[in-house]
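Each of the next two complexes has chain A plus one more chain, namely chain B in the first and chain C in the second.
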Partner chain A sequence: MKPVRNPLVAIVFWMVIGLLYLPLLNLIMQAFLVDPRNIGSGFSTIWLRKLFASDAFWRPLVTSIEIGVLAATTAVAVATFGAVGLSRVRSTLPPAVQTLILLPILLPEVITGLSLLIFFLLIRVELGFFTVVLAHASFSASFVYFILVEQLRKLDPQMEEAAQDLGARGSQIFWKVTFPNIIPGLMGGWLLAFTLSFDDFLISFFTSGAGLTTLPLKIYSMMRIGISPELNALSFVMICISFSLVITLLSKEQGREWVLKSS
Partner chain B sequence: MKRYPGTAWFFFGWLVILTLLPFALILGMSVMERTIQGTIHFTFTLENYLRCFHWLYAKVFGKTVLVAATATFSCLLIGFPVAYHLARSTGARRQVGLVLLFIPFWTNFILRVHAMVSLFGNHGLLNHMLLELGLIEEPIQILYTRTGVYFGLIYNYLPFLVIPIFSALEKLDPSFREAAMDLGANRSQTFWRVTLPNVREGVVVGSLFVFIPMLGEYVIPDLLGGAKEVFLGNVMVSQFFTMQDWPFGAAIAGLLSLILLVALFMQTRWQRRVQGVLA
Partner chain C sequence: MSLRLDGLSKNFGEFQLEPVSLTIEKGEFFSLLGPSGCGKTTLLRLVGGFATPSTGKIILNERDITQLPSYERSIHTVFQRYALFPHLNVFDNVAFGLRLKKLPRAMILDKVNDALKLVEIGDLGTRRIQNLSGGQMQRVALARALVNQPQVLLLDEPLSALDPALRVRMRDELKALCRKVGATFLFVTHDQEEALQLSDRLAVFRDGRCLQVGTPKDIYEDPADSFVASFIGSTNTIVGEIAEDLGDFVALQSALGNFRVKKNGHPYPKSISLILRPEKMRLLRSRAGVQGNLVEGQVAELSYLGSRTEYTVKTLDFLFKVFEPELERSRKRSLNIGDKVYLSWRPEDAIVLGSHGGLQH
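And now, the complex of A and B:
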C-alpha cells in the first residue's frame, strides 16, 4: 500500500494504543498507592511487601508453576508423537483427522472446560491438581503440534532416509537425527504451552475442584470479594510475570509468529 | 488406516480421549431425559433442544447475538483506522506498531478484566477524575451494565480484528489506487470505491474472527455485566451448576457449538475466496 497522508488515521491509531494501555497503567499505579481509593494518598511499596510476605501469593504461584511445567512437558511429549508420526505421511490428512487435531483450538473454552469437568465427574476422577494438568496439556498439545509440524517440514527428509539406509532403527532415527534438529521447536513449544497453562483461567476454573488455587483463580476469587490493595499488588506481579514470559518467547527464533498466532 | 505410524495413533488416542470423548458426552447428554429427581435417563429426546427456543432462552440467545454483533461492529469502526495506519507505515515503524498493539494482550485475560473493573468502578480512576473535575456529581455506573460488557468485549477482542484487515490492506496492489487517482478520483472516492471493496473479504473474515468467540463468551458478561447481562454461555453454566439440569445445559452447549461450526464453515469459505482473489 502506498502512503496517503491523512493525519486523522494516525491520531486514531495512537489514541487506541493509549486506551489499550490505560487500564494496565492504572493497575500498576494502584499497586503502589497507599490507599487505592484515593489517588492523593501517596505511593509506597507496602502492599507489595505485604504480598510477598503472605502465603496467599506464594502457594498459588508455586501451584501455577508446577501445573505449567507438568502440562507443558506432557503436551510437548504428546505433540512430538503426533508430529513425528504424521510428518511421515505424504498425503494431506483427511478432513476428519484435521478437525480432530483442531478441535481443542476451535471449541470455545467454556465448552472445553465444561465437557472435561463432566468427563472427569463421570469417570469418577477426583478433581484437583492432576485433572488441571491433564486439561491444560490437552488443549496446548494441538498448539505445540502445529509448531513442531512446521519445524519438521523444514527438515530434509533425506537425512532420515540416509539414517535408515545406514541401518538405524525407528527409535534411533528419532533420537539421533530428528530430535537434535527440532530442539528449537520443542523448546519454543514448551514455553508456549507453559504460557498458555500459566495464563489459563476458565479451564482451570472448571477442572480444579474446590481445594486448588492457581494465580488466575486467586485473582478471580479476590475479585469476587471486591477490589483490595492485595489484589492490586498481585495484579502488578502478574503483569511482570506475563511480560517476562513473553519476552522469553520473543527472544526465540520465530517466537513472535507463534505468540501472534496463539493469541 | 494402516498408513499412520503407531506414534500418530498415540496422538489420536490422546485427542479422542481428552477432547472428542468429553465433547461427545455433552452432545450425548443433550438428547437424554432428565427425571424429576434430577437424574439423567437414557431415553432419546429432542425436548432439551426445543426448550432452547422457549422465549425465555430465545431472548438470551437474541441478546447474545445482538451484543456480540454490536461489539464486533464497534471493533470494526475502531480497528479499521488502526489497521490502515499500520498498513501504510513501513519497516521498523510497522513492527513497533504491531508489537505495541499486542503487548497488552500478553497479560493474563482475567487480569485485563480486572483492569477494566478497577478503571470503571465507582471508585475507579475514571469516576475519580470526572468527580474531581466537577463534570459529574455522582459516579457513573458502567460496571454491571451492558456498557461494561461492550467495553470488555471491545478491549479484549480488538487486535484479532485488526490483523486480518491489516493483512488484506497490506496485500492490496498500490497500482489500483494509483489508477483510480490517475482517472481523476479524489481521495474519498478512491477509498470508498477502490480500497474498501478490495479489502471487503478481509473485513468479513476479521469480523467473524471476533464475532464467533464473542458468542461463546462467559467471563466478560459474568464479571463486567452483573446479574442482568447474561450471555448464552452463562445460562449454560448455570444450568450445570445452579439448576442441576445437565441435559438442558448440554443442549445449549450443542446449539452453541453448532452456531460456531456454521460460522467457522462460512469463515473458511470466505477465506478461500480471499485467497482466490489475492492469488
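And now, the complex of A and C:
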C-alpha cells in the first residue's frame, strides 16, 4: 500500500517534537551560557566545572546511585520470585492477581508516596536511606514483574520438562535452565527499575525524611532558592544520565517492548 | 528386558485415558497412533514420568517404576518442538544430562562426540541453537536423549515440525537409529503413513481407548473396527445383510448387488460391512470372462500420480476409490471421465466387519 502523505501529519509531528524538546534544548543551552539570561555572553563550561568541583553535586549523585542499585536489585529479586512462582500456577490463578500487581503502576505517585509515608510512620521506621530504597523497590517491582512474566511466557514450557527428563531436579531446573533464559529480562528489568528510581522525585520526597538528598530532590531544593546557573548545569547532567539509561534500556529487546507497550 | 504397561490409566476429569495394557519388547520400534486428543500423548507422558497414572503400573525390566520421578527413570524423551536449551550450544545441550550425573570431563567429551556422530552432526558442536535448521535441531534433540543411553526413548511427534521432504528422509534415519542403538523406541504420531513405515508394532488409539495392537500388516489387513480401517489407509465400505450360506462363502445382499464373502471361521452377524481397500480391487474395461464379485460404474474422477492412478468410480449414489498400478494401467486402454468400467475383487481380499463397530475375532 502507498503511504498517504498528508502535510498536516508532518506539521503536527514537528509541533509535538518541538513542544517536547525545545524546553530541554533551551535548558541545555543555558547550562553552557556564561550568563544564562544573555545569549551574547558566550558559551563556556564554567558552570559544569563549578558543579563538578562541589560536594553539593557529588553527595546526592552517589546517594541516588546507591539507592538505585539497592532498589533495583531488591525489585528484581522480588519480581523474579513472583513471576516464576505465579507462572507455575498460571492455570489456577485468576487474572485478579495480575490486576493486583498492575494496580501500583496505575496509582498516582502522590498516593503511592503518601501511603508509604503513613505506613512507615505507623510502623515507626525512621525515614531515610532505607525507607527510600524500600519505597522505590516496591513500586518498581511491578514493572519488573511484567517484563519477567512476558519473558517467561515466551519460554518453551517443555524446556523445564526436558531438563527434568535429563536428570535435573527441583532447584537445578530453575538455575540451569529457566534462570539463564530470563537473564535478558532480568537485566532489562534491573535497568528499568534503576531508571525509575534514579528519576523519581515524588516518592523520594515523601519517604526520605530530613537530611537525605537524591539528585532530583537536590534540583528541587535548589529551585526553591531560585533558578541559578548551577541548577541549569545540574539539570543538564541529570538529562545526560537519564537519556543514557533510557537508550541502554531501549537497546535491549525486553526494555524496548515494555516501553512501547506502556506508552 | 521389556517395557510393560499394566492397566495404566489417567483421569483428567473431562478427559480419560482408559486402562491400557501393553508389552513392548527391547529394541522394538513401537508407535502410538491416533488423532489428536486420543490419549497417545498422555500415555507417553505417563511413561516419561511427567504425569502420574490414576491406576496401573509401569514395569521396566521387571522393575516397577510407576512411582519413580522422571529424573530417575532410564527413559529419555525427544520433545515435539525439541525443547532444546537456547542458552547452550549444541555440545552443551547434549552434555546436559551427563554433567548432571557428574561424569568425568574426558568421558563427557567422548560420549557427546559419539552421540553427535551417531546423528551425523559431528561438526556442529559449537553451533548455537538459534543457528540450526529444523532437521539439525531434530538431530540435537535425538543426540541429547540418546547420549544418556536410555533403555526406552520416547518420541513425541518428532517429525511433525519438519517440512515434508525432510520428514520422509528422517523416517528412514529414525528406523536405522533404533536398530543401531538397540533401545526401545516409543513413538507418538497422528500420521498413519509414518506409523506404518516405522513401526515393528503399533497401537491405535481413539477417545482415550486403545483399539488395536499389532504389526502394521495386521492392522492394515485385519482392522479391529471401521475406525481403525478408515484411519489407516483408504476404504470403500459396502453395508449389507447375509442372505445365504454357500459353504465356504456367504452371500451378501446389498444395494449394489449380491457379493460373495469369505467365511472366517466365526459366525457373522446378520448385518455386516464389507471394507474394500482401493488397491485390492481391479478396474476392468470390459466384463467379458469375469466371474465373481463385480460392480459396474462410471469414471467420475481420475488423478495420475506416477506410480499409480487414482480413480473415483460412481455406481448409483456410491463413490468407489480405486488405485490402478502404473504397470497395469500402461498396458490397458486409457480411461477418461465418463467411461464405463467394472470393479472386481476376490472375496478373500475384502475385510468383513460387523456393521456396528468391531467384529470379535
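Following the convention adopted for this analysis, the second predicted complex is superposed on the first by the 244 of 263 C-alpha atoms of A that agree within 3 Å, B and C clash if a C-alpha of one lies under 4 Å from a C-alpha of the other, contacts with A are read in each partner's own complex, and residues count from 1 in each chain.
To be clear about the criterion, a residue touches a chain if its C-beta (ideal position, glycine included) is under 8 Å from a C-beta of that chain, and two chains touch if they have at least 3 such contacts.
All figures in this text were calculated on a predicted structure; none of them were measured in a lab.
When both complexes are superposed on chain A, chain B and chain C end up sitting side by side without clashing. When the two structures are aligned on the shared chain, A:159 is found in touch with chain C, with no touch to chain B. Superposing both complexes on chain A places the Cα centres of chain B and chain C at an angle of 100° as seen from the Cα centre of chain A, in steps of 10. Residue contacts after overlaying the shared chain place A:201 against chain B, while chain C stays out of touching range. Taking chain A as the reference chain, the count of touched residues is higher for B when chain B and chain C are set side by side. Of the two partner chains placed by superposition, only chain C is touched by A:172; chain B is not. Applying the stated contact rule after C-alpha superposition, one finds that A:13 touches chain B and leaves chain C untouched. In the superposition on chain A, A:84 makes contact with chain B only, not with chain C.
When the two structures are aligned on the shared chain, A:53 is found in touch with neither chain B nor chain C. Look at A:187: by the touch rule set out above, it reaches neither chain B nor chain C.
After the two structures are overlaid on chain A, the closest C-alpha atoms of chain B and chain C sit 16 Å apart. Common to the chain B and chain C interfaces on chain A is no residue.
Those residues of chain B that touch chain A in the complex are listed here as 3-12, 14-16, 18-23, 25-26, 29, 78, 81-82, 84-90, 97, 99-119, 121, 123-125, 128, 155, 158-160, 163, 169-170, 172, 174, 177-178, 187, 213, 215-219, 223, 233, 236-237, 240, 246, 249, 253, 256-257, 260, 264. Every residue of chain A that touches chain C in the complex is listed here, in rising order: 156, 158-159, 161-169, 172, 176-177, 180-181, 183. Residues 1-4, 6, 8-10, 12-13, 16-17, 20-24, 26-27, 30, 36-37, 39, 78-79, 81-86, 88-89, 91, 97, 100-101, 103-104, 106-112, 114-119, 122, 134-135, 137-139, 141-142, 145, 199, 201-202, 215-216, 219-220, 223, 227, 231-232, 235, 238-239, 242-243, 245-246, 256, 259-260, 263 of chain A are the ones that touch chain B when the two sit in their complex. Residues 48, 50, 69-71, 76-77, 79-81, 83-88, 96-97, 100-101, 144-145, 148 of chain C touch chain A in their complex.
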